[in-house]
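I am attaching a structure below and will ask some questions about it afterwards.
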Amino acid sequence: MEKTEVKGKKFISELGNLFKVEVIRHQPDDQITILVDRNDLPEVVKTLYYKMGGWLSTMAANDEREINGNYAVYYVLSMEGNKMEEGDELPPEEKCWITVKALIPAHDPVYPSVALKVPAAVWYEREARDMMGLVAEGLPDQRRLALSDDFPAGIYPLRKDSIDYREKFAPYDLVKEPDYDFLYPEGEGIMDVPLGPTHITSDEPGHFRLFVDGETIIDADYKLFYVHRGIEKLAENRLDYDQMAFIAERICGICGFAHAVSCIESSENVTGLDVPLRARAIRTICLETERLHSHLLNIGLASEFTGNVTAFLQMFKIREQTMEMAQVLTGGRKTYGMILTGGVRRDITDVERREMLKYMAKVEADFKECLDGVIDSPNFLKRLTGVGVLNKKIARDFSPVGPNVRGAGFNRDTRYDHPFDWYKNIDFKVPVYNDGDVLSRVLVRAGEVFESISIIRQCLELLPAGPVMVKKAFVEPYSHSIGYVEAPRGEDIHWTMHGNAQKVHRWRVRASTYNNWPSLRFQFRGNSVADAPLIVGSLDPCYSCSERVTIVDVKKQKTKIIQMEDLKKYAITRKDSPLKN
Amino acid sequence: MKSSDILYLIIQVIAIILISPLLDGVKRIMLAKFQSRRGPADVFQTYRDIIKLFKRSETMPDCGTWVFRTAPYLMFAIMATVIAVLPIMHSGSALSAAADLFLIVYLFALMRFIFGVASVDSGNPFAGIGGSREQMVALFVEPTIILSSVVVVFLAGGLTNLVEIKNFVSSPQILKVLPVFIFSGVAFLFATYVETGKKPFDVAEAEQEIQEGLLAEYAGKRLALAHGALILKQIAIVGLFITIYIPWPVVGNPFVSLVLFLIKLLVFYYFASFVEGVSTRLRIGDTRLAASGAFALAFISLILFVIGRVG
Amino acid sequence: MGPLYTVPENIQKENTVEKKLAHLEKIKRTFFVYRVDAGSCNGCDIEIFAVISPLWDPERLGFKLVASPRHADILVCTGSVTRDMRYPLLRAYEAMPDPKIVAAVGACGCSGGIFHDAYGNWGGIDSHIPVDLYVPGCPPHPATILEGFALALGIIDQKLKKTVHDNDNGKVPFDGTSILNNSLFERDIYVESKSLMGYIHGRVLYKKYCGAMKTAKKADDVSEVTELMKHLVSQEEDPRYAECLRVLHNNVYMQWLDRMMIMGDEGKNQYLIKGA
Amino acid sequence: MKILEFAKKEKMVTRDFPVVPYEVTEGFRGKPEYSYEKCLGCGACAVACPSNAITVKKDEERGLSVWKIDYNRCIFCGRCDEVCPTEAISLSKEYVMCVLFDKEDLTVTGEMKLRKCDSCSRYYSTERLHNYVYNKLISAGWDKATIDEKAKHLKFCPDCRREQAINNYVNQMTKRG
Amino acid sequence: MSVIYLMFIAGAAASLLLYKFQKAAAYIGFGIPAAASLYGIWFFFMNLTGTSELVVQFPVMAAKFTLDPLGAFFSLVISLVGFAASIYGIHYAEEYRESVSIGAMGFFFNLFMVFMLMVVSASHVFWFMVFWELMTLTSFFLIHFNDSEKTAKATILYMVIAHVGGAAILAGMLLMSSAAGSFYFQDFKGAGVGPVMATVLFLLFFFGFGSKAGVFPIHVWLPEAHPAAPSHVSALMSAVMIKTAIYGIIRTCMWLPLNEWWGIMIIVFGALSALLGVLYALTQHDTKALLAYHSVENIGIILLGCGVGFYGMATGNAILAAAGFIGGLYHVINHATFKGLLFLGAGSVIFRTHTKDMEILGGLGRKMPLTAFAFLIGAMAISALPPLNGFVSEWFTYQSLIQAALGSGVAGTIIFTMAIVALALTGVLAVMCFVKVYSVIFTGTPRDEKIWEHAKESPALMVAGMFVLVAACVALGLGAPYAATKIIGVVTYITGTGFNAAAGISVKAVSGSVVSPVLISIIFVSMLFVPIIFTLVFKDSTSTMRKTKPWACGAKYSSRMQITASPFTGFLRQTMNWLYRSEVHFEETNGYFGKVKYSSHAKDIWWDIIYVPIIKGFSGLSQMLSVIQNGRMQIYASYVLIMLAVFITLAIFG
């Protein structure tokens, strides 16, 4: 990877005029980490967010007591411009990632809430409280977010010195399941409608409590994170970098590959590992295949939620072709099992290439015709228009991602803002619609289906030669960086801090849907109960994605001076299995 | 009352009840065709489903009272009653005291009443919403049904007995008032379609939106009966339409009449499955707009009738 | 900690194996399925959805996906049971009429899968409720899911049986022969093949290359092997394999010959196979 | 209605699946097929397996190494295939693998004789692995002395081997001075 | 007749004497009227044909009571409901044991009954007005037993409107008597008033009585006042007292030369009352206010029938008139039975739960099965569901409207047809409303567990009171042919001509259309065997029904998920917001992250449109009069007495 000039210096110097800022790290090319005082945190983030056009991409809370005796929070902002109007956007050479770090003393795990200034931070801070026991002072919403209600209070699973990863606390009796404290509206004559966790329209568990008067949704609240399984602790004993990719894939059944790429690239980014071009191209193809089947599913579901099963099944028929395509590509209907640090595990030979092109042609033709048939129905358009509107201001405040934000008139797309993998070399458009309603999102997806097909074609045509895998490089302990991928639902960010002994110290996954959830409440209001599944569906939510809170956290091995005996042991163990490649 | 009438009544109701799952089966195969798939093994799939449900054990919500328990039986019996009194096979005037237009309209109301109460009784929020929607849909279509059928009653000289109406409509006199009749017929047909709860008007039992409403809480035989009652309701309302508006061809043989009736029913289902197959469910608010269009048609038929009488 | 969940007695009584078998007999051509995602990554759920797609269409077997567990004959569960989803799962189980068949779909549903021992979940569905049908896969192919239904309904027979191999005769699958009289050469070829084309295609590549090498009369005769390889490359239909065969020859083989000091620097170029 | 026209194009796409088997593509990641004859019991697959579907356990009493794969837990990633030195486990095209009632039907077990350490006579490795490594050593193109020297190590368990190695090293060091 | 009146008066006296002994007062104070009513039922039923007279010598002047078939019919209605309300009252009065004197309640209750009976038999302007006012007054005192802030407001409103109406009636009566030159009713018929005068009189009588009946738009007091009374009194007021107004309209219109447009006007007001009554009822979640709004609706339905009757009389089509009146009068007795039943049922619920707010009720059917059953019958009857009585009268009304439409001009046809549609809509809405009422109170999950825990079945006599009316509802439905012949007798008295309304087990309309609740019941019952046979044929499972919590998508079920009154009609309110002008209040409490505050209240907009301006106009006046207005109920009562004195003076010396 050629060294480019460090981006984002401008922002740092501007920020330096206002606050005490210490630049602590430049990650390769476009990532800067700055350290600020914890009391400056809200103002710094606010300045970066609103004044300089940043969007909150993720926040990671970290237990660094073994490194420097403190906890730390990292707010990762994607600097791309406010984008509220046409042209209100940073030039490509200025777009970058800025990570704001603040240390929080271990004896006083409290920091001022950023969410009051930047609402987008609300879920992150709730989660930090759940998982790490870091309290955001002044945060209006102090309810539990990620942990289940029957999880004992006062135990913060991600602290290094808390529970063993296999610890399973006794559950409650079925009838005594603890009640979640929903934001019940004040007033009479309001009925609760539960949507989920096992609703027929959503194939994943999430519980939406709609507060309705007749058909109208007055307000909504939701309890998600039903699928929080605590993968993080798993990795402590079991997973190494090679295995992480597989658990990353299983963050989500649909955009698993995006997670895997994001996860692996976050570790590749920190060392600047030069992944072979062919591997990058294959990653791109797989990502787009994933986007194809995901979008086809979602457009189909929009029809199903409005009762048009025929259109849904026809769309599904097309989707099956993309699944077969994935099967040709990766050997399974999900784009799983493809990626390891340093490249990809499977190559694309000419047989597969030709097969793919055949499928592409059919999918494109069929989709064009089928979409025509779906959009043709005036009732369908009526059901979708003006429903679940994402207000532009709310969108700016909550940093949503993906088709959700692109349907609201913002051209945010990681592929376009921060090109990764092979996207630099490829020609594509970012479809943007301005109404913010369900229809806009459907149209954005429809547009992206065509773009994806074109991207895959370009990749297949320009597929570079060379190997698909290179050897891993050595990772500097406690270095950290982010991996970013535009999943079908929007940007996936993985923040990784590496431990010593070539294992991960902390892995913070922020799935795309995670950023879309908090603003959903405002999209619900005023719509009819009948539209609720449609609105939820139009986010193309990935419950498991966001709920996993996949902070895989590999317990670092203790640093010690390597004894001669250990060295030998290492030598012997290597010799022990000379046949293991 | 002639004993043959009673016999015909029984044959008629049993035959229609036994054949009704077939219509559902036909619809399912049709839908499968639109969806490029094979669909059920044969047209008898719905029979198998229902028989199996009868054999299943049951669960129910703990807040349900006797209303919830008996509702499927009652709803089924009410709709069977409506089907029984429709003058299809029997046309004896002795039964006409039970085949009154308003009586049938209010039997539908009785069905709705039980449906609504049982919905709320189930304690299920979706059933509650479904119960409420059922009433709202009736509110939208009832004016049309009453107005358009009353116009036919006017044509028939003020008699509200279906037998008399049928006799009038099948007589040549109808040709003189054909425009009125057609307008009111189209309005009634539309209202019929809405009332059957087929897509795009299946707001009260929508599977996705409100999880089939009331049906969600039934299991086993009660589910079978409740489901059957809803199918019978469709047949009853379509049957009412057929009786009033399409009595032709008039044949003397009651069995031929029954077969003709079933064929007309099948034709309706055939075309309905086209609509069902490709349409997007309307929001209940839009249902109202659609229904007011039907009411306008019915009103036009009334105006035509008045003008025709004056002129 | 006691058992996670005890099936209530009245449910247990109605769910004996005999009753379940009788139930399976009854639902042979009509079965209603309710689906519970007890904490999966939704891969399995999407594949269950895919089963409903026109390509597989289980309705021909009598399948119907229902909106309420009270209608269901088969409860299809996916996912390792997370702490939060435990309650809905049990509610669905209890709301379902007896007797009931429970199918666990996917690795997580069968046994907890990759997440089996993490603190936030309880492992497979059978950690809580008795499971009757296991559909493995991560996610299972729609064909597998459909096969599971067919198996439960008695349309096809179970193919897998518990297998135990215990007749160890100590024989090993390697006879000690090697192309260059050094098995490390094969190892290097294998490593390079995998790096070039991944493990699946890499193995094919390796076999192609080694198979060709084995036909060589003298494996360390560079001109013969080069001719052989040139022929192989020209015969190869797939340009990608051709390219990688060249790389193997140019990089690994030539290096080995270098190392074995069979070939001097001069004239090395003439033995490189150039790309088309 | 346009959607019906689209539907008309392909009237019926349903596969006749349980009757007619489904053809999977080349390179399908199906059931990992275990070949007992090829297996060495080296445990590379168990180490690589992200989901612990493959386990290798020592049964000291019977003197056996028990290799076991549980398809219930397998995520079909193919890591075992990738790391197996002898292709003893490789992904097949098999997708028919559901079982009814007994999940044990989804397991495959291979029991291999264990070899005792020449020094401490504790079980440490399978006979097969030992033989295999020995064969490889022979074919590695070394001279007889080197082979013998290296083969000596094979007969000891890792603990003893380490001890010997350290002793050797220390001896060498002290010898050198 | 005198026996009955005397029994009531004796009852009043006895309970007044027993005012210190609460329990005895309850048994005597309500027992005697029960006996009197029971006797009255038999007596008035026997006197449905023919006329009898009773003259009572009072100090100033003799009171003459004439019981003609019309009066006897209404007396029968009064006695019927009175009987049920009385035996119900014996136990129900216990509710008031702590707060008020049951003796006093019994006293007023007896007087209320007797004054109502006297109103429908008085045949002299003076006595009619006196008893009319006394009836109002006693009902006013009865309302006052539920003393609360809201009651005070309601009673004032009630008194004001009653007196505006009373004044109109009085004016009409006086004009009429001056035209006829006599104060006796029998001289009024054919008094030869001119068309203008007739119109004035008609309007005075229609709106005068209409104010009592609660005809739109003078209905606003009704939903305020009726719920305020103790439930058995509400039953009487809503089921019976407002019928005296119908009696008044029929009685007075019989005197006047009728114009067909008056009939149409009554139809229009009837249709409006029916529709608006039920529409406003739907938005209520106070059980009794809701029932009171339904009285507006049913008065509308009665007026639809009577309107056709007047139209027929005006056009000289006596058969049509008979067709209309049979619908109207049949509905009078039907409404009396089911509305009485519903109020008693609502009272029974209040008795055990001490709340009128439906929102916090639910699931009571499991605790009070008999009340629930009785209420269900009432609910089905008022929703005009076959085979119960409400259906029969509405069927007659439909038939008469069809005949009227066929027999009138262009505008008439359209108006009558629209009236049919309005009636059908009313039916749909009534079903919706009573699905709501019954199910929200008696089924599902209780919103308030505590109330539910403490509820139990009401005492025997209360249940008995309800079941008397249940029996009446069923009898009037299934026995329709018999009842119809009886009512046609009364109708014949009004119109001069009748028709044969019964044919075997069926009732028959003028057009010849027949309907038979009995036949349909027989078919229905036999059809019930179909599902039962299916169940038996396919029966396979022997396991019993297993109960679990309602399925809330897997989430923990909470009683907040039970649909209640407001959400049930939420969509209706939003659809018809032009009618309700709901005051919606929505507020975010804590920016993005807090709870919201929400409330939505539907309003009776006619209050704003019609009354608020008037009240504003008079507010200046009342400022001046504030000297004599000290807000005490007793003072208002004394005003009424003074007004009565004025009437008496007028009558004697005028």
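Should a chain be cited, it is by its letter among A, B, C, D and E, assigned in written order, with residues numbered from 1 in that chain.
Here is the rule we use: a contact is a pair of C-beta atoms (placed from the backbone, for glycine too) under 8 Å apart; a residue touches a chain by one contact, two chains touch by 3 or more.
On a predicted model such as this, the values are computed, not experimentally measured, just so you know.
Trainee: Determine the set of chains touching chain A that also touch chain E.
Mentor: B, C
Trainee: Quick check: more C-beta contact pairs at C-E or at A-D?
Mentor: Ranking C-E and A-D by C-beta contacts puts A-D first.
Trainee: Look at all chain centres (mean of CA atoms) and spot the one farthest from the centre of chain D.
Mentor: Centre of mass proxy via C-alpha means gives E as farthest from chain D.
Trainee: As a quick test, compute the distance in whole Å between the mean CA positions of chain B and chain E.
Mentor: 34
Trainee: When the centre of a chain is set as the mean of its C-alpha atoms, what distance in Å lies between chain B and chain C?
Mentor: Chain centroid spacing, chain B to chain C, equals 52 Å.
Trainee: Between chain C and chain D, what's the gap in Å when you average each chain's C-alpha atoms?
Mentor: Comparing mean C-alpha positions, chain D is 15 Å from chain C.
Trainee: Centroid from C-alpha atoms only, then distance chain A to chain C, rounded to Å. What do you get?
Mentor: So the centroids are 26 Å from each other.
Trainee: Can you tell me which residues of chain A touch two or more of the remaining chains?
Mentor: As it turns out, chain A has residues touching two or more other chains at 177, 191-194, 197-200, 205, 212, 214-215, 246-247, 250, 308, 310-311, 313-314, 317, 331-332, 336, 345-346, 351, 377, 579, 581.
Trainee: Pull out every residue in chain B that's touching 2 or more other chains.
Mentor: 34-38, 55-60, 125, 128-129, 132, 207-208, 211, 216-217, 220, 277-278, 284-285
Trainee: At which residue positions does chain E touch at least two other chains?
Mentor: 540, 543, 546, 548-549, 551-556, 561-563, 567-572
Trainee: Which of the chains are touching one another, listed as pairs?
Mentor: A-B, A-C, A-D, A-E, B-C, B-D, B-E, C-D, C-E
Trainee: How about chain D: which of its residues touch chain B in the complex?
Mentor: Counting only chain D, the residues touching chain B are 1, 3-4, 7, 10-14.
Trainee: Sort out for me which residues of chain B touch chain A in the complex.
Mentor: Going by the criterion above, the answer is residues 31, 34-37, 125-126, 128-129, 132, 199-200, 202-203, 206-211, 277-286.
Trainee: Over in the complex, which chain B residues touch chain C? Could you list them?
Mentor: Going through chain B, the ones touching chain C are 28, 32, 35-41, 45, 48-49, 52-53, 55-60, 207-208, 211-212, 215-220, 223.
Trainee: Give every residue of chain D touching chain C within the complex, in rising order.
Mentor: 12-15, 17-18, 22, 24, 27, 36-38, 40, 50-53, 64, 70-78, 81-82, 86-88, 91, 95-113, 127-128, 131-132, 135-136, 138-141
Trainee: Touching residues of chain A toward chain B in the complex: what are they?
Mentor: Answer in residue numbers: 191-194, 199-201, 212, 214-215, 303-311, 313-314, 317, 377, 379-380, 382-383, 528-531, 533.
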